[in-house]
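Below you'll find a set of structures to go through.
Look at the two complexes coming up: subunit A is in both, with subunit B in one and subunit C in the other.
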Partner chain A sequence: MNEKNIFCYIMVAPALIITMLLGIYPMFASMFISFRTYDLLNVQERGSHWVGLRNYYTVFADERFVQTVIQTILFTVLAVGISVAMGLFLAQIINARFRGLAVLRTLILVPWFVPPAIASVIWIWLLNTDLSPINSLLRDMGWTTRNIRFLTDSSTWGPISIPMLAIVAVRVWNGLPFIIIFLLAGLQSVPKDYYEAAEIDGANIVQKFIHVTLPMLKPVLLILLALLFMGGIGHFEMNFIMTGGGPRNLTNVMAVYAYNQGFLFFKFDQAAAASGVILMMSSVICVFYMWAQSRDNLR
Partner chain B sequence: MSSVKIRNLRKSFGSLEVVHGVSLNISDGEFVILVGPSGCGKSTLLRMIAGLENITAGDVIVDDVIINKLPPRERNIAMVFQSYALYPHMTVRRNMAFSLKLAGKDRAEIAEKVAIAAEVLDLEHLLERKPAQLSGGQRQRVAMGRAIVRNPKLFLFDEPLSNLDAKLRVQMRAEIKEMHQRLKTTIIYVTHDQVEAMTMADRIVVMNEGNIEQVGLPMELYYRPQTLFVASFIGSPAMNTVEGKLSANGLFRFSRGAEINFGDASPRSGGDKDVVLGIRPENINTRRQGIPIGEARIRVVEPMGSETLLSTSVHDETFVFLDRDRQEFSVGDTRVLFAEPTDFHFFEKTSGERLA
Partner chain C sequence: MKKSRCAASVAALVAGLAFAGAANSQTIEFWTQHYADKLNWNAAIAELIEDFEAESGIQVNHEVVPWSAAFQTWLTVARGGAHPDCADMYWLHSFSAIGGDQYGPMPINEYRDEFPTLEQDFYSGALRDVIWQEDFYGIPWRGDIRAMIYRTDVAAEVGIAGPPETWDEIIEYAKKMTKRDENGNIERWGFAFGSASNVVSWLLPYYWQAGGEMMTEDGKTATIDNDAMRAALSFMRDLIWEHEVVNEDSMEQGFDALPLFVNGKIGIIGSAHQAWGVRLDREYPEIDGTWAMARSAMGPDNRSSFSGAGYIGVLRGSENAKECVEWMKFLSRDENMLRLSKASGAVGTKPAVMGSDFWSDRPWKVIVGQALEDAHTSQHPAPAWSSIATPKPGAVLFDLMYDTIILQKDMDAAIAKAQERMQAELTR
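Let's look at the complex of A and B:
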């Protein structure tokens, strides 16, 4: 090991140590617990012992957990799908030049400055059944006759409910600016010549989007989708703060389920098993992400 | 195949006008090259014809139809870009087929047209490759293939050879010229390289600072440049120019006092004027033929094989002289330079106009 190498290791050491302590260690500790009994209420008397996959069987036997897994996927797909579609559209608009662009750009980016926890609190008020300005607006315009119970209505269409859609909307609102910035960076790296060549070739605006913009954004889009899906699978704060998973478990997601198992019912073994499932799902996406990135580098 | 009329075309970016009322007629099947230094407005003019740039004033007329307001896709024009702008995610085949696909042509027709173009341009073995897997010259040919499959009214070339090395450029010049002879489609071609313009064009349009300086056959521009700008732009190495005074009796006086007597060979419209005298390096000889220019002291010798380029001082002015007689020269030698009376060009100093 030469001097330069030692210097490099010293420089990355702090980051590595912090990642180990706060990221890697808890992850393995949690995985470890997920294969053992660990009920905080009686761990003193009974202790903790190896049970293999029993905790996983237990959580998957819980109908509410299965429902939660499906909802987590649904939440993620809806939030990611809607926000990426809107992001693509808005990034194009921001990428154009017109009067008032600076104002629009600022407006679109404002939600980014609001941390998710604060956003949740703001939207709890905005979506409150009786106080919601949205409800009064809808009623004033004559579009609805009674107040919509945005966060408490428990009627469903399949696995989809109004509270679920409400939280998806807030997630989209809060996450959109990041996506727009990400896509805008991608868009601005597309040489103008390709659009001009496509115009000469006879492409209209939609065809230019399909045949030039989308293919050129593909590497950026793949990485963005991987990041968003990973974030989505482990998403916690909005669902926890806005509804706590209710009504009737309809807005519950895996991270909230794991939190409740651990800190509400003190069943840390089952909480760890639920977290293990999150970890596995994110890992799949992570592998895909690394594959997409390495392929991008190879090109 | 189409004729193009450009009528008093202007382009402004904000308050800055970059093309100042340009008019030009291009006949059916003609190969016209717009040439000029960078920033002279030639590319802007081409882009206005393509529809990629809005027209501030004036008209672009193709086959007697004003196309000012038509978007590029409705103009039936093909364009080859300096960067080639080949779609990186598409194979050569798909790149070439793209415009036909957008036009809704059926598969068999597309396949046939692509095959014909690929054969013409010797691209058959490259059809399944992506642009990143091609060399510069191959990309250039694909860009041309993409243009010719459509059988457009008009080909536009925007500095298509600038990204190629010198050898390939010479080869592609011949290929483009050959393609034009075969297809006989009207071509408008932009370049800053006067050699490209001289070698390929039916007609050359020399532009400078948003105006047309001169339009003419290549040899016309070479032999009778109408302005000082055209004189110094066309021809390589560039024409020697010397400022001085021309008297009515044909006596040219250098600023340092030396004189050349042109006698009857001086322009008739002369007569005690501040002029710029021009003489091409290849028109100068040491064989005592024509009018003596003066004694030259050789400063730099650049042998190029078939010819030798010499930088010399004559009456404290720099004269570049091209020797094709394979003489021996050494730095510091002196020779008397001569040139035939008809090879001198006189331009008015203030306006730069040729004196007849």
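Let's look at the complex of A and C:
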């Protein structure tokens, strides 16, 4: 091992140690607990013993959990899909040069400065049925006569409900700046010659987007989608703070379910099993991403 | 010469360390949550500590645990995390069970004689919160009694002279107070069940008022499948759907009765924290004279009011239990309990405190004193109680309330299912 390598290892070591201690170890400890009994109310008395997949059977036998799994996927697909679509559109706009660009960029980036927990609290007030300024505005404009129950209406269209859409909107609002910055970096690395060549070939703006921009953004998009889907599967704070999973469990997601099992019902074994499902789903996305990347590299 | 100087230095160092060690053993770590105004609370505790240190020579390091992190903090402590010597705690039964005989709250039976007049000095209901499985854990210092609160200006507007005295009057008065615009949007709800964010705590007083009890005294048998539960749930359901005087969304997260009450958008709250009196006086002086407190309305059986409590106890693993007991003895004096009560706005756990001028200088405080006569402890002798009463989907009582009150499912089936689930929780 030469000096350069030793230096590299020393530089990486702090991050590696922190990741091992705060990321990898808890992850394996949680997986370990998911195969054992671990009821906080009696673990001192009865201890913890191996039960195999029983905790997984138990959580999947709970219809709330199954509903939560479906909703987590739906939340993620909606939030990621809308965010990326809007991100692509807005990134194109702020990639152009025009007067007021700096102001527009600042406005678009503002939600990024608001931590998700604070954003949730602000939006709880903005979406409160009786106090919402949005409802007042809609009524004043004559668009509605009855207040919309943004976070409490339990009527559904399949698995979709107004509270679910409201939380998706807040997640998109808060997460969009990150996506735009990511995509903007990708857009700025696309050589202008490609667009000029496409123009010479007679391509219109949509054709340029489909045949030049998208293929060139593919590596960036792949990383972005992998990150967003993994983050989405484990998303917690907005659903937890804004609705706690209600009404009627319609906005519950797996991370909130796991938290409730552990910290409210003291069933750490079932919480660990629910977390295990999150880990497995995230792993599938991660493996898919790595496969897609290695396939591209081989080409 | 050099050798003797060196030896003297070492001796001085050893003596210094020994002295420091001895001094350290006279320092206790004390954690509390914060109450009412945080600055006032810290100042009040600092003054108490100063007096105690001057009297006993024992130093107290005070740290505040924010309420937002309190549950996780005590859960971590009960699982062997960093802990103080003594602290302001709650949910003795659950945290004792979680900590077992290794962590969490520590019984201090050997110091029980240090409080020879405990039974005479404290309310008996408050003492129930510091005794678990016949072990003595500390001194109760705060009560959380709930009473009715209503807008007197709204009552006058609709021609009502005083607060509702019975369940029937609640319906009648709430109907009069409810107001809608021409499109059916609510301008004022006549009634709200409770002020707490824990919606399960709303059910308890109505169930008790109907004559029910959640479990047997030994905490081993669930007793919720009865007519009292049917009466309480039917009353709550009908207020929403039949009489349309309660917000149907009030069980959802984010519902906050305080701004609605302050803005006159709620007429009556059936079960409001007594601390609201302090908050309304301090934070909303502009609505003084437009609200009043009243005793809980009479149900089919009685007029029980929700009552919670907090206590100061010692933590397992502390090497300063004796010093903590000295601190607790100091705090449990009438004048110091009054100082705590004034700083926190929480009702006292001693008749001597509640008989003071402080607890009679405002009309609402007199009512709070009367409500103590209706107090029914919300503590239940079962470690799983906090899990059963958690205000989240998946918890036994929340699901029962949501299914019957909001979703209007078959009541008998829902109660039977809840009874079965609760029994399973009690035998966990």
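The rule is short, and it goes like this: the second predicted complex is superposed on the first by the 283 of 299 C-alpha atoms of A that agree within 3 Å, B and C clash if a C-alpha of one lies under 4 Å from a C-alpha of the other, contacts with A are read in each partner's own complex, and residues count from 1 in each chain.
One rule holds for everything that comes next: contacts are C-beta pairs under 8 Å (C-beta built on N, C-alpha and C of every residue); 3 or more make two chains touch, one makes a residue touch a chain.
Since we're looking at a predicted model, the values are computed, not measured.
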Side-by-side fit of subunit B and subunit C on subunit A, or clash = fit
When the two structures are overlaid on chain A, which partner does A:90 contact: first (subunit B), second (subunit C), both, or neither?
-> neither
Tell me which partner A:162 touches in the superposition: subunit B (first), subunit C (second), both or neither.
-> neither
Max touched-residue count on subunit A (subunit B vs subunit C) belongs to chain C
Mind working out whether A:131 is in touch with subunit B, subunit C, both or neither, as first, second, both or neither?
-> second
Would you sort A:45 into first (subunit B), second (subunit C), both or neither based on which partner it touches?
-> second
Considering only touches as defined above, state whether A:278 meets subunit B (first), subunit C (second), both or neither.
-> neither
For the combined three-chain view, what is the angle at the C-alpha centre of subunit A formed with the C-alpha centres of subunit B and subunit C, to the nearest 10°?
-> 150
In the overlay, answer first, second, both or neither for which of subunit B and subunit C A:212 touches.
-> first
Just subunit B (first), just subunit C (second), both, or neither: which does A:147 touch?
-> second
Mind working out whether A:252 is in touch with subunit B, subunit C, both or neither, as first, second, both or neither?
-> second
Between subunit B and subunit C, what is the shortest CA distance in the superposition, whole Å?
-> 50
Return the residues of subunit A at which the contacts from subunit B and from subunit C coincide.
-> none
In their shared complex, at which residues does subunit A touch subunit C?
-> 39-42, 44-45, 64, 124, 128-131, 139, 145-147, 149, 151-152, 242-249, 252, 257, 260-261, 263-266
Quick one: in the complex, what on subunit A touches subunit B?
-> 191, 193-194, 196-204, 207, 211-212, 215-216, 218, 299
In their shared complex, subunit A is touched by residues of subunit B numbered 50-52, 71-73, 77-79, 81, 83, 85-90, 98-99, 102-103, 132, 146
Residue numbers on subunit C that touch subunit A, as the complex places them = 71-72, 75, 79, 94, 97-102, 183-186, 247, 249, 251-254, 259-260, 265, 383-384, 387, 390, 392-395, 402, 407, 428
